[in-house]
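Heads up, there are several structures right after this.
Here chain A shows up in two complexes: once beside chain B, once beside chain C.
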Partner chain A sequence: MKKIIILLVFIFLSTGCYDYVELNNLAIIPGIAIDKIDDEYQVVFEILNTVNKEENPNEEKVYFVKGQASTISEAFLNASYEIPKSAYTAHVDTIVIDEEIATNNLKDIIDFLIRDIDVRNQFYLVISPYSPAEDIIKTTSTTNPVASTSIKDLIEQVSKKRNIVSELNFEKFLAHILGEHKDGYLTTISKDEDTLKIGPIAIFSDYKMQTILSNVNAANFNILNNSSYENTYKIKCPDNAEKNIVLATSIPAATETKIENQNVTFNINMEVKVVENHCNINFRNTKDLETIENILASKVQEEMNLLISELIKYNSDILEIAHQYYKQYRQHIDFRKLNYQTQVKVLINRNGLIFEVKE
Partner chain B sequence: MQEKIIQRLQAEFNKNPDFTLKKIVTKYFNDIYVVYLESVSSSDKVNDYILKKLATINNLKYPHKDNIGSYIPGPNTVTIQNPDQIEFYLTNGFAVVITQKEILAFETKADINRSVSPPEVQKSIYGPKDSFTENIQINLGLLKRRLKSSSLKSESLYLGRKTNTKIDIMYISDIVDMESVKKVAEELTKIDIDGIIDSGNIAQILTENEHTPFPTIYASERPDEVATSLLDGKIAIMVDTSPFVLITPAFFGDFLNPIADNYNRSINVNFLKVLRFVSFFLTMIIPAFYIAMVNYNMETIPTSLLVNFASQRDGVPFPTIIEAIVMITVCEILRESDLRFPNNYGSAISILGALILGEAAVSAGIVSPIMIIIIAFTFITSLIFTDSELINAIRYFRIIFLICAALYGLYGIAIGLIYFLIHITSVNTLAKPYFFPLAPYDSNYLHKKLFRKKFTDDTKRSSILTKNILKQKKEIK
Partner chain C sequence: MTTKRQNFAVFYFLSRALFLGIGFSLILNITKQDSIIAFILGTLIGCFFIYLVNKINYYKKDLSLTEVLNQMKLPGLIIRIILLIYGIILFTNGIVFFQLFASSFLLSQSPLWFISLPIIVLVLLVSKKGITIAFRVAECLFPISFILTLLSLISLLPYNNFDNFLPLFVSKPWQLVCSTFYYAALSSAPGILMLISKKSHHNLKSYLLGSFTLITKIILILGIIGPTLAVVYRFPEYVILKEIKLLDFIEKIENIVGISWIIDNFVFIAVTSLFIKELLPTKIKESLHPLIIILIFIVSITIIGREYAYEVIMYYTIPIVLLIVMVTTVPLLFIHTYQKQKKLKKTTN
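Entry: the complex of A and B
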C-alpha cells in the first residue's frame, strides 16, 4: 500500500499531459530562413508535408510560411500563425541568415535562439551572402526536395572532402562566439540556379561578420585548426615552370601550436602523395623528392602567413590564440600583438612511387 | 451391524446408477456383501479377485481360515475400522466386502486414465517426451523412474470435503530444507474446502496472500523438470486428477527459461536466455515506449522517421493511446479465442484475425500501419513465454506502462519501471524473495537459470534452498 502511495505522490506532484500532442497535429520544421528587409525581420518556415504519400503521391514534400515583424520573436510568431498545426522546431536542421543579419544583427538572433526551449542547438547556422536566405531555403529540386536537409548533408559530406567549410553546429558555434578570447566562424551557402553550393567560411569578430575567407585561406584555417581531411596542392615543377605536379594529403595534417612569451609558432606536419605528375622527376632519387617537399613547404608557409595577416586585419581570433595564451599565462592579450611563425614539414609518401609513366 | 451398514450405503448412494451391491451366501461366513461403484472399479477385477474367490469358498469342506481376506488375493487390502470411511474407499475404486465381523476394502481400480503422452504446453525439441497424467500413481511412477533413491519422500494428505483429493508433498530428504516442507504441509493442512479439482486450486490457495499478478508457484507437466527441481532442493506438490505438478519455491527466473535449456550447450543456450530476458521487458514496454516517443518525446526520433510516422497517422481520427488500447484488446480477444476454439475449425480464426488486424483496419483508417507493427512485435515477444500466469502478469504491467506513458511520456515509463521494481522485489515465494537470484544476488542460482555455466562447472546448489549445497564430490572430466 505504501508503495502505491509513494508512486501516486510522485505522479501527482509532477504535472503531466500538458505537453501531449498528436503527431499529425505537428508542423515539423526542418529549416528556417531569416532575412532583414527594410528594418524588419522576415522569417520563412520550411515545413514538411506529412499527408499520406500513398493517397496523395503528387503532394509536395515541403511548404512554406512567412512572417514579418520588427523583432525576431514577433516574426516567428507571425509565421507560426500561418500554420494550421502546432509549430514544432525541435527537429530544425538548418537556419539560413542573410548577410545583413550576419553583419549587424547576429546577436539578436543568437539571443532569441538560446532562449527558445523548443529549438535544440544541433542545427547548422549558415550565411547566404549573395542572395536572400528565403531563396536558399526555397531551392528545391526533384533530387533535393527538402533544402534544409540537403544543406545539412552538404556540410557534412563536403567538410570531409573540401576543407573550406566548417562542420560547426550551432552549439559549438555558441561556445566560440560566447567564449572569451574567441571568435566564431560559419559556413556560407549560395545557389546556382537550382543547385545549392557550399562556400568557404565567414569569420566573425565579436558578433559581426567581417569577411568571407577565400578557398585557400579557409582550407589553411582548417589545417591550423586540426580539422582538415584532404587538401590538394598544385606546384610548379622545379625545372619547368609551365608544368605542374599535384600532391594531395594522404592523412590529415597535424598542427601543433606553441606559445612562448610573445611568440606563436605553428608546427605543421603534412604527409602527401603524388596524385598527378607532369614533371621530370626521378622518384627513386631522394633529392628530387626533397626538392618537391621543400617547395610545397614554402608554399604552405607563405599561405599560412597570408591567412594570419588576414585574421589580424579583421581582428578575428578564430584560431583561439588569445584563449590559449590566457590558459598558459593567465593574462589577457590582444592576439594581434603576438609574433607568428609557421614551420612546415612535408613528407612525400614514398610507397608506390617507383612507377614511372614512359613518355 | 451388517444390515445397518448396507442400508446406510443404499441411502447414501441412492440415485447413483453405478452403485452395485452383490450378496453372496456362503456356508461358513453367512452373507457376504460386495459393494463397489462400477464407474471407478473394474468389474473384471471385482469378478476375478473377489466374486470368483468367494464362490470357491463354498466348495471347501472346511474353511481353514477365519479371515475372509486370506481367500481373496489383492495387493492392496485395507481393513476398515470406521464405517464412515467406506464412502472414501468406494469412490477411490475399491470394492468393499462386508461380512458379519469385518469390513475389507480391496483395490480394484478401473483403468480410466489416459496414457502417458508428450507434453502439450511445455514442449521441447530435446529432452524427455513424457508428461504427467491425471493419475497420481502414474505420476509418482514417472518421478521415481528418474529419482531412484529412498531419500525421495512423500507426505500424503487428502483435501476437499466432497472430492477427498489425494495430495502428495514430494521432496528429497537429504537435500531439502525441512522447515520449508513443514511450512507447506501446515499451509495445506489449513485448507478446508469443498473440493480440489486441479492443482491450480492448490496454487491459488497457497499464493493468495501474495498480492501480485506474478505467479509465485510453478506448475509443470514435465517429470524431468520436477525431478531437476527436487534435486535443487525444491518441493513438489502432486495432486490427483491434475496433470500439473506444483513446484515451490518458484522464483522469477524459473518462469523465463524452459527446462530444455539444460540439455543443450551453455554457449548456445545463453544467447537465448538473454533474448528471453530482453523479450520480457520488450513485450511490456514497447507500446508504451512508442506512445511516449510519438506524443511527448518526438525529439528522440530522427526527422525522416518522424515524418513517416506522421504521414502514416494522417487521417486516423483516434489518439495514439486509444489506437494502442483498441489493438491490444483485439489481440487479447484473438489470443483467447484461439485457445478456446476447436481445432477442427482450422485456421479460420487466424485468417479472420489477420484480416481484421491487418489490411482492413489500416484501410478503414482506424489504426495506422505503424501501430500494427508495434502490437505485432509486442505479441511476438510475448509468445516466447508459455506460462499463462506469467502472460497475465505481463499484460497487467503492459497496461500500467501504457497509462504512465500516455500521461507522462518517458518520465511516466521511468515511474512505471520504478513501480515494477519495487513490486517485484517485495514479492515472496514460500517466504523467499521472488526476484532471487537478481535481488538478492546469488551466483549459483543465476548460473543455473539466467546465465548458464558449463554443465561440469555446475557443482553447487543454491544456499537459499538447501544447506546441502555440494552437488558433486568429484569434478566431472
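Entry: the complex of A and C
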C-alpha cells in the first residue's frame, strides 16, 4: 500500500502536468513582424489557424493579432492578450523588422529575443526597408498561405540560386553582431503587389544598419564570403560592344583571403561556362577564350573593388577582416586602414554542347 | 557493499554534475576559447586529487568515514564539521541549480516547490535505504545518461566550426590558471563524496570518462555557437542542444537529450544526502537527516532559489569553496590514513 501511495504521488509530481497545455489551446506563432510607429513598438503575431479544415474549408490558414507599447516586451504581451490561447513562440521561422528598428533599435530587439526562453534562435531575422513589416507578414496568397514559411523557403532557395541573400540565421547573426571584430548583415524583403521579393543584403556597423547593398554587391559579397552558389555575368563582346556573352559559374567561386602586414589580398578562382553567346567568337580558338576570361576577370575585379570601397565607406566589416587580422597578429585593427587588392582568375571550362552557331 | 561498476557510475555522475549552470558558464566567461586548454589542464590536476581520494579509500579499508574522523580526534572533528558544511552547500547547490534549469527550460509555469519536491522525496527514500540502493540506482541510470550524452555529442559534431576556436591563448595567464583550478575543483572535488563508500575502487577511469564528455562538450559549445555567444548564454551546454537535427527531420529534441543533466544532478543530490547523513552524529542521524534535507528544501524554494542575488553568489563562490575544502581536507585525510596503514603494516610484520 505504501509503495502504491508513493507511486501515485510520483505520477502527479514528476510528469510535468502543472505545465501541461492542450495542443488546441496553443497559439502557434511561425512569424512575427515588428515595426516602430510613433516611438512605440508594434508587434504583429502571425498565428496558425488550427480550426478543422473539413468543417470550415474557407478559413484562412493564419490569422493575425497586434500589440503596441513603448517597450518591446510590453508590445509582445499586449499582442498575446489578444489571443484566447497560450502564445507559443518556439516554432518561429521568421521575424520581420522595419528599417527604423534595424537602424536605431536593434539592440533592444536582440536583448529581448535572446532572453526569451521559448524563442529558438534558429529563425531568420529579415528587414523590410520599403514597407512596414506588418504588410510583409500579412502578404499571403493561395500558393504561399503562410508568409513566414514562404520567407524562410525563399531565403533557403534564393541563396542557392541568386546569391543576393544571407543565409545567417538569428544565432549566427548574433555571433557577428556581438563579436568583437566583425559586423553583421541581414537579408531584406520587399513586396510587389501580392508577391514577396527577397534580397539583397543590408549591412550593419555595430547595431546600426548602414545601407542596403546592390544586387551585384550582395552577390560579390557572397563570393568573397565563400557562400556563393551560382553567379551569372553579362560581358560585352570584344569585337562588338553592342552584343554580349553570358557566362555563369559552373562550380561555386572560391575565395582565399590573405593578410600580410597591412595588405589584404582576395584571390578569387572562378570556373565559368558559356550559357549564351552573341559574339563572334571561335570557341575552337584558345586565344578567344583567354580574351573572354581576361575581360570577365577585370570586370569582377572592378566590382570587388567597388564593394570593398562601399564597406569601408559604411565602416561595416562584414568580411571579418579585423577578426582575421586579430587571429593572425593578435592586434586590434581598424579594417578601413588596410590596403586591399583583388586577384581574379577565370577559367572557362565549358561552352555548352556547341562550338558556334552559324551566322 | 557497493560494486566496482556502481562506483564507476556514481563517480561519472559526480564529475559532471556541477557543470550544469555553473562550470561551463563560469569558465567560458573567464577564458573564452582558451577554456578548452583549461579543461584539459584541469583534468590533469583533477586526476591528482582523484588519486588521493582513491588512496584514502584504499588505506581506510573497511572503515567508514566517521570512524576515520573519530580516530583523528580534534582535527577529525574539525574536518567533520567542514565536510558537513561542504555537504550542505553542495546539496543546496544541487537543488537550486536543478530548480533553475527545470524552471528555465522544462517547467516554466510550475512553482519551485512542485519542481523539486519529487527529487527531495526520492532522495529521502534513497537515503533511508542506504548507500547500496543509491549506488544501484546510479548504476541503472548510467547507461541512459551516457547514451543520451553520446547521442548529443555525435549529433552535434557536424555543426562544429573549428574556426571558432581561433585564436587560442587570448586570455591572461592568471585567467587560465583560475579556469584550470575551477575546472579541477568542479570536476574532482565532488569525488570527496565517494569517501562514504567502504569498498575501495579505482575511480580514475570513471573521472576521465566524465572529463572526456565535458571536454567534448566545451569543444562543441565553442565550435557551434562561438566564444561570443558562449559567454552570453546562461546555459550554453543546453542551448547547443537546440541545434540537434537527427536524419534531417527529427528536431527540437533538446528536452529529451537534456535529461542527462537531470540524471547527473539527481545522483549528485542523492550521494550528497548520504554524505551529510554519514557525517551527522550517529545517535541522532536518523531523525536529524530528514530535518536537514527538508530545511534545505524550504530554504531553496523560499530564499535561495527565489532571489537571483543568492544564485549569483553561489555561482561565484561554489568553485572557491570546493577548492578550499579539497586542498585542506583531502591531504590531511590522506596523511592520516597513510600513517595508520603504515603502522598497521609495522605491527603485522
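In this text, the second predicted complex is superposed on the first by the 339 of 359 C-alpha atoms of A that agree within 3 Å, B and C clash if a C-alpha of one lies under 4 Å from a C-alpha of the other, contacts with A are read in each partner's own complex, and residues count from 1 in each chain.
What we mean here is this: a contact is a pair of C-beta atoms (placed from the backbone, for glycine too) under 8 Å apart; a residue touches a chain by one contact, two chains touch by 3 or more.
None of the values given here were measured: they were computed from a predicted structure.
Participant: One more residue to check, A:171. First (chain B), second (chain C), both or neither?
Facilitator: second
Participant: Tell me the contact category for A:242 with respect to chain B and chain C: first, second, both or neither.
Facilitator: neither
Participant: Pick one for A:28: touches chain B only (first), chain C only (second), both, or neither.
Facilitator: A:28: touches chain B, not chain C.
Participant: Once the structures are superposed on A, label A:114 by its partner contacts, choosing first (chain B), second (chain C), both or neither.
Facilitator: second
Participant: Based on the superposed arrangement, let me know which partner A:260 touches: chain B (first), chain C (second), both, or neither?
Facilitator: Neither partner.
Participant: Counting only touches as set out at the top, which of chain B and chain C does A:93 meet: first, second, both, neither?
Facilitator: After superposition on chain A, A:93 lies in contact with chain B alone.
Participant: Which of the two partners, first being chain B and second being chain C, lies in contact with A:3: first, second, both, or neither?
Facilitator: first
Participant: Return first, second, both or neither, reflecting whether A:330 touches chain B, chain C, both chains, or no partner chain.
Facilitator: A:330 sits against chain C, while chain B stays out of touch.
Participant: Name the chain, either chain B or chain C, that contacts more residues of chain A.
Facilitator: Comparing touch counts on chain A for chain B and chain C gives B.
Participant: Counting only touches as set out at the top, which of chain B and chain C does A:179 meet: first, second, both, neither?
Facilitator: In the superposition, A:179 contacts chain C only.
Participant: Residues of chain A that sit at the chain B interface in one complex and at the chain C interface in the other, please.
Facilitator: Common interface on chain A, chain B vs chain C: 6, 10, 14, 16, 19, 90, 120.
Participant: Show which residues of chain A lie in contact with chain B when the two form their complex.
Facilitator: Within the complex, chain A touches chain B at residues 3, 6-7, 10-11, 14, 16-17, 19-24, 26, 28, 30, 48, 50-53, 55, 88, 90-91, 93, 120, 149.
Participant: Considering the complex alone, what residue numbers of chain C touch chain A?
Facilitator: 104-111, 114, 117-118, 121-122, 125, 166-167, 170, 225-226, 228-229, 232, 239, 242-243, 252
Participant: What residues on chain B touch chain A, complex-wise?
Facilitator: Those residues of chain B that touch chain A are 294-296, 298-299, 303, 306-307, 309-316, 319-320, 406-409, 411-412, 415, 418-419, 422-423, 426.
Participant: What does chain A use to touch chain C in their complex?
Facilitator: 6, 9-10, 13-14, 16, 18-19, 90, 114, 117, 120-122, 171, 174-175, 178-180, 326-327, 330
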